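Each of the next two complexes has subunit A plus one more chain, namely subunit B in the first and subunit C in the second.
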Partner chain A sequence: MSDDIHVFICSGCGIGDAIDVDALGELVQSEYQVKPRIHPALCGEEGVALLAAALAGGGKAVLCACSHREKCDVFTIPDRFVSRVSLREGVAWCQPAGEEDTQMLANDYMRMGMVQAQKYDVPQPFDEEIADGILVVGGGCTGLTAAAEAAAAGREVILVEKADEIGGRLLKNHKQFPTKPPYRELEEPVIIRLIETVRSSDLITVHTGTKITSIDGQPGQFDVKLETPSGEVAFRVGAVVQATGWKPYDATKLEHLGYGLSPDVITNVEFEEMAKNEAILRPSDGKPPREVVFIQCAGSRDQEHLPYCSAVCCRVSLKQALYVREMDPDAKAIILYKDMRAPAQWEEFYKRVQEDEGVFFNKGDVTGVTVNGGLKVLAENTLLGEKIEVPADLVVLATGMVPDAADGEAIRKVGEARAIIAKNDSPVQVEMANQTVEEFGHHEGTEILNLNYRQGPDLPALKYGFPDSHFICFPFETRRTGIYAAGCMRAPSDTLTAEEDAQGAVLKTIQATNLLKEGYSVHPRWGDQSFPDFFLQRCTQCKRCTEECPFGTLNEDARGTPELMPTRCRRCGICLGACPERIVSFKDYSIDIVSSMLKAIDIPDEFDEKPRLLAFFCENDAYPAFDRAAALKTRMSPWIRVIPVRCLGSVNVVWIADALSSGFDGILLIGCKSGDDYQCHYIKGSELMGTRSSNIKEKLTQLALETERVRIEELSIDEFDRLPEIINEFAGEIEEIGMNPFKGF
Partner chain B sequence: MAEDRKVIRSDLDFVRRIVQSGGDTVKQCMQCANCSVACELSPKDRPFPRKEMILAQWGQKEELINDPDIWLCFGCTDCSILCPRGARPGDVLAAVRKEAIREYTPMGGVQKLLESPKYLPVLIAVPVVLWTLIFLLFGDRHGETSYFDGIFPPGILEPLLGVMTMVGSLIFAIGAFNYWKSLMKAHPAPAGANFISAVAAAASDIVSHAKFRQCEAGESRALGHMLMFYGFSLIFIGGSIVGIGFMFGMLDLPLPFFHPLKLMLNLGALGLVIGTILLVKYRLTRPERQTKGTWYDWFFMYSLLLTGVTGVMVEAFRMLDIQTVAFGVYFIHLVCVFCLLGYAPWSKIAHLVYRSVALVHAHYTGREKAGAPQ
Partner chain C sequence: MTATTTDNVGAPILVIGGGISGLSAAVEASEAGHEVYLVERNAYLGGRVVQLNKYFPKLCPPTCGVEIHLKRLRTTPRVHLLTQTEVVGVAGGPGKFEVELEKTPRGVNANCTNCGECVEACPKERPNDFNYGMDETKAIYLPYGAAFPARHAIDFDHCDRDSCGKCRDVCKVDAIDFGGKVETETITVSSLIVATGWKPYDANKLEELGYGKFKNVITNVEMERLAAVDGPTGGKILRPSDHQAPKVVAFVHCAGSRDELHLAHCSAVCCLASFKQANYVLQASEDATVRHFYIDRRAPGRLEDFLQELENNERATFVKGRVAKITEGADGAVILHAEDTLSGQKVEFTADLAVLAVGLDPEAKDAGFPSGWLTDEQGFMVGNSSSAAPGVFATGCAKRPAEVSACVKDATGAVLKAHQIARRG
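Right, the complex of A and B next:
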């Protein structure tokens, strides 16, 4: 196969007006000895045919036209590499036409594209055998739905349930609130039907009373060991759905609402059981209650208890109010709420309950429950601004949901601390380890999945105990590839949402295993066939990569050398960015490729007064924002040269050092938002860059350079209007600081 | 505990009564307060009808019947038109007013007869039996006497009506007194409040019908109500004078057509009939979402209308000298008059008294001043 590089220059979409494409063509010829083809509309039929014909016999192409995010459909040639040079968005649309600086910018982008094409190597996809069975953990509403849906899609399913029967919490439900139009009548719990479906499927194997002993391996090759009542069971699956559900918030912490002080203060879960047993009676005297007060948000949306809303408690109380009314037409159900949340079609159900003459709604802040001298609920700040007390026969606390999940990272921390204590090397370390054990010790023994992952035996958790995922954009994704969270352990849900969740998670498992069979990466770089290559001879066992990988891709051997699990990898390149020895590379994305690209940029000497700024933009938010700003024809500084990166976390500090020593005057790094509501597709990319920035500052100081020469920003995709401001302001600042003294060395 | 907390005990029966009395939508209220914003009459401070909707949903009977604001509403139903939930606050307030009448009027249980058409035969039977007895006992059954004087001798009829009016007035007076006492206890007047000017202000409100004109969203009922109100007043006052004058021998019946009292009565009848027809038309053309109307209301409206219409017809047939028809119609007219006046203390017409009391109270306590329309 020929390694020839074919260059195409498009002059359409205003490129020809802004840039002298002939001059650019001559430059290609003189610098790279390639004769480029210039065409007025490369994306047209004729242009695409030209491209296809040139690549028919092999080789790579450098396509100087629009951004790599545009027209991917027409410019994708199977099995061929096309390096996209953004003359349209990167130059023509954000720079004045015909200027010398505009032409220089185009020249540099062309050079970067040429180098990228030269250095590009064809990725070798992972092609081991991929299992496509699915392990479903949890036999409640979500788990059973997941199993049934996966089986319906023809997948073999192994369902694990720790209890002695499947059905989960819904087995204890008397009724469920409506799930179909007109959303007015209570329904029999869906769980009975689900259990039947699962039991009758040939593709589903159910293990009850079972624990997971271990899960080894990686997506497509998960080796699972179970401890069942009839002994150990081992098998291989392709992907996992975790649907371990929820548990009620511990009501013993709600003494201020009378729980534990009077037997007649109970939780909604306890009330549901009463209804299920058809015995709604006051625990204190066994008489049917005449006035039942429901307290909403009992321990929810409360910084001292659960800070979040559990989404279903309002509808549960609406349902349970109807139980009260069905029990006795003269009984009253009184609902004290902060906000009544009956989203979507359940507004109809809310209206229906409201219509009931014996259900009373009052908005207010419940301040307490007194139990001496008759049960009374105290509230204030009602709609009429009053302080009220409501006498009650029975008080039902609408408590929230706590995920029944384990925090893998916390468990790992305890494990590591215990190891340090056992080793007893340094008193300071032991002291710190003791603190860790004290803080996280309660996580010990909560393991569910028992993953053999260096980063912990379960999914990492957010601060509320729900598994961390990018749940705004990608709801079922977790930080463990091939393991998908669904149902109440992912987010508090009603049965309908749980069922939908299960379907979504199962689709993800199918998508993942199917992509893996093709050797492709899964979300978000789906279709990527590359994976990182570790040149282990030079590894110093610093563990930075195994520690920093957001997806637990790397295990470690006893010495701490990384062991790659390729199908766990999401190809973000954070390991590449982390490695101080620079031994991690992808065939199409490496230290060398990016270093060579930035070195290909022409740096005018100090006296030309043409500063050069290098920008690393995250391809997920910042780069699209850059394209968008250009599409709006916003003027941006002509000094900037942008290199899209997979994630800001994949930026290796050596690139910055290289850029500074090559004579760049400033470096701008833009990643996605970090923090609690992070937007990074790889969870902690920009956060990691923040940590590495101290190294960068050190480097700058060593070089006797101003620390302002490197700037790190966070930007979300919708802030495209801010991006030109950031660039121009940075350019202004660098002009003020002056030229990099290393120019020309 | 010295804490000032209101004990909430919801009265489920009261809620049911509201629901059955035209406030069937009360529970649909989601407490958004659009009604209070829509209302042209509602004061800025503690505006109605939102708080009444909340209280009604919760079955807070004591507070509601002691709430003078229910009478500051003139039932224009602007709020109901604009209610996003179709909770018809206007109708709910009407139902609450009915409950207040029941509560304060002696023998409030009588009101039950006015709530459903199923009791209509009883309501009609009472005057039919009464008038038949009078006819049988005192009337000239052989038709020898000219006109009705002998059939229903005014000598019997007028004192009877007089007694009825006085008993009714007494019941009203007790009700009004009860109500005033209750209002003053729940909402005392500030120091220095002037009772006389409060009465004058209330009277001015009533005479001018100013409140009726402030409602905007719906078609105005001001003209209809005014004609009806003044027509009724003319007949009531004129009729009373005629009755008293006759009993004291100062007037001979029937009055000649151009007698000033006769003219006054005829003018009143005209106003009453036209006004009532306008109001009936208004009620019949309202969409259900705005107001549903209850039998309690309709009974009052039809009593008024039929009284007026039959009164005019009697006069017409008398002038045309069609005696037998005139007699029959006169009998019906008397039945209607009884239905209107005999059940007045418990019927919708009682609003005349209770609203007046509430208006005086509102002016007396400053509620009306505070509530100057925006």
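Right, the complex of A and C next:
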């Protein structure tokens, strides 16, 4: 197949007015010995046909037209590489027409595109055999739904449950609150039907009383070992759904609400069991209670206990209030709440319970429960400070849900600390390790998945112990590719939403394995077939790549050398950015490609008074913002040359060093927002660049350069109004600092 | 267990609606191996979310996540996108539905390069529905700055066509087509995912709250556009009467929701949307204050943190009580009349601006879908587990008021149900 590079230059959309395209074409010919084709509207039928014809027999193309985000439908040629050079947004729309600097900018973008095409190598997709069975961990409502739904999609399923029977918490449910119109009547729990479906499926194997001993490998090739009552079982699956559910918040911590002080203060879970056994009786005397007080948010929405809302307890108490009324038409249920949370159509259910004359609602902050001299609930009306006392025969605490998950990173930390203590090399290290054990020791022994991942044996946990990576836009994307969390371990949920969650997680497992069979990456770089290559002869075992990969892609051998697990990779390039030895590269994205691109830029000598600024922009936020600012025809400094990067975390410090030694006067790095409300779709790329900035400062100081020459900014995609200001202000500052003294060396 | 399954992908899946639910369903289905028809009524994708300034609780821009969806969509050959298209007929059943589509002419063909010269040439204006009519665009317009497809459209209600022709004259790529007609097309699909979403409840029906009567009573969806940098005020929240930044802003929760006379359901997102908008106001000015009139503050799960953070801000106050009436005071002030249900007292509160948290009214009820498809009394369709009809799966706000994350999750689940039918071929 031909390696020829075909160059096309579009003069439409104002490009021809701003830039002398003939002169650009001549430059292509003189510098690269390629005769470009210039066309007034490349994206039209004629232009697209030209492109297709040129690439029919092979080769690559450099398309100098609009941004790579535009016209992808017509400029995407299957199995061919097309380097997109943004003359429209990058030059014509943000620069004055006909100026020398405008032309120089276009020339440089063309050179960068040429070099990118020259250096581009065809990725070799992963083509080993892919298993597509699914391991479902947890046999409650979510896990059973996942198993049944996966089987209905033709997948083999192995379901693991630690208890001796499947069914989970819902087995103890008397009724469930409504899931269908008119949302007024209690329903029989869904769990019995689910158990039957799972038991009768030929595609589902159930292991109860079972623990996972280990999961080795990677998506499409997960090798699972189980410890079952009848011995070890080993098999291979393609993907995992973790649905390990929840446990009730430990009510013994709620002594202030009387739990443990009176037998007649019970939890909603205990009350549910009473109802199931058709014996709603006071534990103290075995008599049916006449007045049952429900305390909402018992330990929830409480900084001392669970700061979050468990989402279902309000509806559970509404349901349980109806149990009280069904038991005895003269009995009263009193619900003390902060806010009644019955969202969406469950408002109908709330209304139906409000219509019941024996159910009373009172908003107030419960301050305590007295148990001596008759059970009484004390509450305070927040506005008036008015104190109320509510006598009760039985108090039900609406306790919240705690995710039954393990925090893989915390477990790893304790393990490493233990190893340091055992080794006992340095007193300082041992002291620090002891502190780690104190902080994270309670995670020991909580393993569930037992993943053989360098970054820990379970999914990493976020706030409050729920595993989640990007909970607004991509709720199923955990930081372990091919492993999807669902149900109450992911977020407090009712049965209906837990079932829906299970369906979604199963779809993700099917999608992940189907994509692997095609050799493609999963979200967000769908369709990417490249993998990082590691030139291990030069590896110094510094472990930065294995630690910084957000997805736990890399394991380590005993010496600390990275072991690539390709199908775990999400292609963000953070390993490439992390490596001080520069040994990580993708066929189509590498140290060499980007270094060569920036070195292709013409650097005028210092007496020309034409500074050059290099910019690395996150391709998802800053780069689209740049395009949008250009579409508004906002003027931007002509000194800047922008290279979009997969993630700011993929920027290797060597590119900055190369740029400085090539004579660039300033370097601007723009990533997305980091911190608790991070927007990075690779979780921590932007944050990592922040931590690498000290290396950069060091580099600058070594070179006796001003540290202001490198600036790191965070920008959201909608801050396209601020972006030109940042660029222009930076350009102004660099002009003030003056030219890079390394120019011309 | 190393055997692998060969999914027979069968006939394509139809996704109706290109908002966040439909967009998610389409990309998830295509990446699972399916061919997809994505049908959208508007000239662009993104639906209601791209009209939002920020998402709660991260206060991050919706276009960030949408950009990733679009990036996935831009390069896949498996999704057939049909904008300005509606479903007008459905026949058949699971595995083989015949669906009749009606496509309204855009006036601008695929040659359009989004260069924008036509807009400069166009002499006519139209109300900008993307900004809820708060400003105008030209009759030929790009729906919004980041619109996908990045192609202009003509609003023929405001265009003089051939008798003007200025846009056609300046267009260098022959993209203008005044002569287009409504076209119909019948496609064969294996199942349908209904993601028709919602519209804001019509605030004009809330007579006592003064919308439409008093300039400084606006809706929550208008507030989003006022706060957005590409909105009618360039991202400055200015009150309509005098274009001044309001110092005291009142949020009227459940404006029409949880109300038998209007929307009986709870719209599930408006509490959090109001808290988010309070953040816009508080961040814009250090001496601004906000007051929320609510029935219950519904912030489930970890979203509770978002409420807590606002509660900790001394410039934010909360009154439990439904606003019964809004009247107008001096200089455009608005006076809210409510009963504080905790104290039992009637309260009056004067604000510079009142924001009505109008609820989610399901679009599906007016979409002319087959009468056999199950809906509840409010017009929400029955969901994907027990489907609305065999092979018809409702998702997102078409079936239940829900925030973005829940919609994305739900849409992914709906794709599984569609996948199960498609692979049986």
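General observations
In the analysis below, the second predicted complex is superposed on the first by the 739 of 745 C-alpha atoms of A that agree within 3 Å, B and C clash if a C-alpha of one lies under 4 Å from a C-alpha of the other, contacts with A are read in each partner's own complex, and residues count from 1 in each chain.
Here is the rule we go by: contacts are C-beta pairs under 8 Å (C-beta built on N, C-alpha and C of every residue); 3 or more make two chains touch, one makes a residue touch a chain.
Keep in mind that what you see is a predicted model, and the values were worked out from it rather than measured.
Steric overlap between subunit B and subunit C is present once the structures are superposed on subunit A.
Contacts of A:458 after superposition on the shared chain: neither subunit B nor subunit C is touched. In the superposition on chain A, A:362 contacts subunit B only, with no contact to subunit C. In the superposition on chain A, contact is made by A:475 with subunit C only, not with subunit B. Contacts of A:506 after superposition: subunit C is touched, whereas subunit B is not reached. Legend: residue contacts after superposition of the two complexes on their common chain; A:687 is shown touching neither subunit B nor subunit C. In the superposition on chain A, A:387 makes contact with subunit B only, while subunit C stays out of contact range.
Once the two complexes are laid over each other on the shared chain, residue contacts for A:156 go to subunit C alone; subunit B is not touched. In the superposition on chain A, no contact is made by A:404 with either subunit B or subunit C. Counted by residues of subunit A touched, the larger count belongs to C, out of subunit B and subunit C.
In the overlay built on chain A, none of the stretches 27-35, 279-287 or 333-341 of subunit B clash with subunit C except 27-35.
Note: residues 351, 363, 383-384 of subunit A belong to the subunit B contact set and to the subunit C contact set alike, using the contact criterion stated above. Contact residues of subunit C toward subunit A in the complex are 1-5, 7, 27-28, 31-33, 53, 55, 57-61, 63-65, 67-68, 71-72, 74-76, 111, 113-116, 145-146, 150, 172-173, 228-230, 234-235, 258, 264-268, 296-305, 308, 320, 340-343, 374, 376-378, 380, 382-386, 400-402, 404-406, 408-417, 419-420, 423. Subunit B contributes residues 3-10, 12, 15-16, 19, 27-28, 30-31, 51, 54-55, 57-59, 85 to its touches with subunit A in the complex. Subunit A makes touch with subunit C in their complex at residues 12-14, 40-41, 43-44, 66, 69-73, 76, 129-133, 149, 152-156, 158, 180-183, 235-238, 301, 307-311, 339-348, 351, 363, 381-384, 463-464, 466, 471-476, 491-492, 496-497, 499-504, 506-508, 510-511, 513-515, 517, 522-524, 526-527, 620-621, 624, 628, 631-632, 672-673, 677-679, 681, 716-721. Put simply, subunit A touches subunit B in their complex at residues 330, 332, 334, 351, 354-363, 378, 383-384, 386-391.
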